[in-house]
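One structure coming up, written as structure tokens, with questions to follow.
We call the chains A, B, C and D, going by the order they appear; numbering starts again at 1 in every chain.
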Amino acid sequence: MVNETSKVIPIQAVPFARSRQAGEAQTVLDHIVDDFQDNPESMQYFYDLFRRVYCQGEDVPHEGMLVGTTCIQAPEELIYAFGATPMRLCNGSYHYDQKGADFMPSKSCSLVKATLGMLNSELVIPKIGRPDMIVNPTTCDQKKKSSSMMSDMGYKVYDLEFPNVKESEASRVYWQRSVRQFAVQLRELTGNKLTRKNLKEALNKTGRAQAAFRKLHNFRRKSPSLILGKDAFLVTNAYFFDDIGRWTAAVEKLNEELEQRDKSGFKAVQSRAPRVLFTGSPPIFPNIKLPLLIEESGGVVVTDETCSANRMLYDMTAVDEWMVSDMVDSLADKYLKPCTCPIFTKNDDRRRRLLDLVESFNVDGVVYQAFAGCQVYEMEYRSIAEEFNKAGIPMLYVETDYSPDDKGQLSTRIEAFLESMKNRRKRRA
Amino acid sequence: MKYFAGIDVGSTAIKVAVVDGDGQLVGVHVTPSGSLFHKNSTEALNTLLTKVGLKREQVRYLIATGYGRKLFKEADDSFSEITANAIGAFEAGKAFGGVRTIINIGGQDSKAIQIDNTGNVVNFAMNDKCAAGTGRFLDVAARNLELDLEELGDCHFQATAAPLTINSTCTVFAESEIIGLLAKGHGKAEIIAGIHYSIASRTVRLAKRVGIEDRVYFDGGPALNKGLVAAIQDELGRELVIPEYPQTTTAFGAAILARSEFMDDAEED
Amino acid sequence: MKNVVVLLLFGLMQMSVQSEVFWLSETPPSKKATALKKEPVASVPQSEHAGHLHAQLAASGVAASGVAATAGGKKHTHGGGAEVDADGEVVADNTHSGKKQLWLRRGDDARAAAYVSGMQGSLILLGQGGMLPEVTLADEKDRTTVKLDLPELGFYNAYWVQRAVHEGMLHVQIAKAEVLHGTCCAKDIDEEAVGKPIVNRAAELELVREHYSGEGLFTRIVSGDTINYTVLSRGEPIAGAKVTMISHKGWRNSQLSDAQGRVSFTLIRDYYPPSWLDFKKRFKQSYLMTAELELPELTVEGATYNAAHYTATLAGNYYPSPYDYRSYAWGLGIALFVIVFGGVSIYLYRRRRIKPYQEVRVDAKA
Amino acid sequence: MLRLESIRTAVNNVQFNRFRFWLQLFFFVLLVYGGYLGIELGKSLPTFACGYNKEGRGGMCYLMTLQHQMEWPWQKLFSVAGLTVLSTFGIFYLWFIALNKGWCGFVCPVGTIQDWITSLRRMTGIRYSRYSWGQFQWLAQIKYVLLALMFLIPLAIGGGWFQKDLKSPFCMICPGRTIIPLFSADFSQLSIDFSSKTNMIMTGLGLAVTGLFFIGSFVKKRFFCFYCPMGAFHYLLSKIALLRLKKDGSKCTRCGDCFRVCDQEIKVIADDVTQKEIMTDDCIMCLKCVAACPEPGALKATFAGIPIFASTEEGFIKRMNKGCSDGK
């Protein structure tokens, strides 16, 4: 009798497919796929990819060493050139957000909490295996501070020193030097040599990927739009972990399908749907909550200015002399100069970029997402709001995090925002 | 004669309003929501129609708003309560010489909306996840003080001493604080006045976020409570415009929207 | 013994006769040079004979002398810079103007030949288009000189002829001067055609300088050049004529003209200033060419002589050769030095930069 | 209109570096060997068709004529004869207006030689050097000093203060004088003229600059163009030139690609998003920046207002992927 009660019932290993993370990813993916009609067929590749990786927990293959990166500022081309595979570790699942909460203060960026949570748990989704090195550019404060926590977890962390003043010549030279040091570090890690050939191939790999993204980016200028924002976010989120060759081929197939849609005059949304520019903290699968809310209540996210999509893939490297020394420096410049990340002291580039996007995509309104606790985006909200007031463009500021509990309230606010844009457009028309 | 109806399926009460062809209010009706949203809503609509002697077919366009707007299938269209409230306040405010800022304290949320001179929403703010400063806060307080909601207003004016400060903002903690104050022998009036002032200060802070412009319109259920109105006017330092039926402004706005949507569709086809 | 005396006498005769060489020079008499008085020379009255000579002058026309290209075709180097004569005075640069002045000098020393004075007679002037009105000699500051005014651009020849008879032997002195009315930037003139030398068919003996290929209106002869001459008599080349070149310092070299009457000399360098500092790159030096021809029996317009001795002279100027004052070794040396020095310093600079940070020292003084 | 569009996209997507190489070669042959083909473009070309290359030159660099005219004695210079100075300047100005500083980027033989030396360096894989921003600013003033001297010294000669040996001072120190004649086998300029101290110093300086020119342009792209008074002279006259370099600040993401490929390392082109006319005094209008700009319409070269070469996305992708194996 006694051993009956004292026998502790072991927690059977719940098969992953029914675990909470899978559940969360499952609901979001189903919502993306089922609640919207006529998704492009070539999106099926991405839906299957996410279902396999996020819902069934299939492991993600990589050849050579695995180098995890926590920010877009880590030069991928160098990692590819040394034969390793870069994978972005930023995580968007609420499950890991709660797990990471015991590392971070309560009011801090959910993205960093989720990343730390994911790295600390044994079952890492997406199942990319244990990164041989994590490259942590010293961009925003919370990512900077999380590097020591990551090394406490036993990972080999390399701090890539990134300047915070973009305009000065000193910071440019400083960043070029730290990228060169990063190349030396990669050589020690992988033991391979950086040659002109393999660096050129790496540049070409990402070059083709960026060219494909740009084509998609240009297709989204069409009004009425050909593809919904949630699909575009899914595509760019797949870039985090998917094999770059397959990803590029899939995006090129998607571009062809959009080409037919464009010719056949297909409309993904009715022409009255308000066109929204999404900016601020990056929506990372499964936290595509805000874009989905916008598109559920009749809006369409035509373009974005976030580091999980546009900012990551838009700018391309220009090389003057195809020699290793010049290619590495061009790479460094490509990551620093055009970047519109809020961690810099001045954000004129971001403002001009937003205004240019508004003008070239004829956007009706802007949704500005800031994760609770992400001071850089919150502090930059004022200057961006001023700029948009001057330009007469309505902007909705949403401070949210990964938890779904403010969905109800957010949907009301978004719906009201979309309706005010519809009125504005009706009166203007 | 064509009629148009707007139904505001709120968390605590369902409000229905019917408007005639040229936008004049015909009649309103308020019933508690209860749990069966759908049944109660259709029932409320029918009782209002019989009250004003109209048949269902005469209502050519019906718009639902409020929390349950998506659940009420019968409506022709649905709008968020912010837009509906803005239109309703704009129309109702014309009688008082034009309204630019709207404060709405509903059952579960409190909103501050700023509109331009054509009734279009310029900026709005809502209380985030917590119910402090909403109608529910008053219900809890009334229950603790064994008073009815209607009596709260008069009780506020019977206060002799200065209103007590209720420092905990959260509805749940406020309850224990009220009981503590009662035990200390403070008068009910002073406690009620304190509650009113705490709601008022929170609401004014919310209004400040959207910017306050002249003629502030105050609606929603708690607007019936004279004491709360006085407290807000004191905090705001400005006269408040209180409509005849403050609870049904959003429903009235939805009806007006129904009429203009109907007119637009008529123009289109 | 007698033959020796005769030979000696004959040599002396030659000698004296040789020293009797007259030539026309463009270099003005310098202030210091003394004027050589006119020595009575038994000479046939000049005018009569000279006049006689004119009638014979057929239309000489410009003889295309078919000059073969000589060493280094010298298109003019852009002049500029004052030309300096032997005594260091600045010589007026007169190639550009049509006004020329010639002096008659005697003696076979190109530099110190004396300026004759008191000579009469006139000069025959031959231009591209043929005869030009004669110009008479005149004395100016007791030096026989003549002023020419050349109408168009191009080369002109001035001839001064002196005939004398000694014991039945005809001595004919023909002093020729090739004068250029040139310009440095000829606009629409075909420089090639104008630059051809002019031949005087009437002259018994004449030295014609072969012009360089492409020699335009701005000729510049430098020491070290090889100059070819053709000895002509009445337009026909003469073989076996003795031609002597006398350089500025007096170096002389004689040759006999070959079958086509051609003879070629190399102007040697004789300008060695004490230190390189005093080197004047536009030091104007003059040289003298004399040609002699002996003819045994000869009848000229009825008058027969038992022998005739013709002497033709032609003077010219030359400058130090660029190779004397230009040093390629130094030039390339400097360029190479800068390249090597610059290259090495850049290499060292780059090596030093590989050490990432300069070492910062802090000591008591900091 | 479709024809124009297809021509325009074809031009914008050209393999620009290859196109510019052949254009430079053409102009090089025209100006250095034109004389042998009977081409004579006159004596006031706004580029270094060196006058010392006597037979071969297809035209003469205006600076030589200018200095020669400035050396006239003042009575002559400021007399009626001075009008020829104005007329030659007029011809120079007409030539210049056509291509603005494109003369430096495409036509100038000395520039072309420097580009060849740069491609030689690229083959050997040696890195190029850069000026730091501080050095850039004060070195950029040298060309104005040279320009001033190029006017003042000849005027002083004309006024009788300086002696004639100092004639055409800039030509004496210009690398064109010693290098361009080499191309028609005339080595006479490679010597030091000991005939006078001034000549010795000037020709010595000339050859030192030639040495500097070779090592300079080996490690620094377009080394000499940064100090060239002709470029400074052009800039002062470039207000009404036809060929223009325009920038649309709103399209620019300040990615710095134009600054990266700029041989003259001009920062203003990448950082300035307000100016419309973006050509600075150091610019040589080689238009490499337009070729390297990924933003469509951000940078464009216009001739008399008509855009002739604009930055496009697919043009950029085609040019920047040329380095890769499959060349797509």
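Couple of notes before you dig in:
Going forward, a contact is a pair of C-beta atoms (placed from the backbone, for glycine too) under 8 Å apart; a residue touches a chain by one contact, two chains touch by 3 or more.
Treat the numbers as computed from the prediction; the structure is a model and nothing was measured.
Any chain that touches chain B and also touches chain D is listed here: A. Set side by side, the interfaces A-B and C-D show unequal numbers of C-beta pairs in contact, with more at C-D. Distance between Cα centroids is largest for the pairing of chain A with C.
Relative to the centroid of all protein Cα atoms, the closest per-chain Cα centroid is that of D.
Centroids of chain B and chain C (each the mean of its C-alpha atoms) stand 121 Å apart.
With each centre defined as the average position of its C-alpha atoms, the distance from chain A to chain B rounds to 41 Å.
Centre-to-centre separation between chain C and chain D, using Cα means, comes to 46 Å.
Separation between the centroids of chain A and chain C, computed from CA atoms only, is 91 Å. Contact with two or more other chains is made by residues 127 of chain D. Multi-chain contact residues of chain A (touching two or more other chains): none found. If you sketch which chains touch which, the chains link end to end in a single open path, with no loop closing it. Under the touch rule stated earlier, the contacting chain pairs are A-B, A-D, C-D. For chain A in complex with chain D, the touching residues are 167, 169, 172, 197, 200-201, 203-204, 207-208, 211, 214, 218, 314-323, 325-326, 329-330, 333-334, 337-338, 340, 349, 352-353, 355-356, 359. Note for the complex: chain A touches chain B at residues 405-406, 408-409, 412-413, 415-416, 419-420, 423-424, 427. Residues 122, 125, 127-128, 132-133, 249-257, 260-261, 267, 270-271, 273, 288, 292-294, 313, 316-317, 320-321, 323-326, 328 of chain D touch chain A in their complex. Listed in rising order, the residues of chain D touching chain C in the complex are 54-55, 127, 129, 164-165, 167, 178, 187-188, 190-197, 199, 203-204, 207-208, 210-212, 214-216, 218-219. Considering their complex, residues 75, 80-82, 276-277, 279-282, 322, 325-328, 330-332, 334-339, 342-343, 346, 350 of chain C touch chain D.
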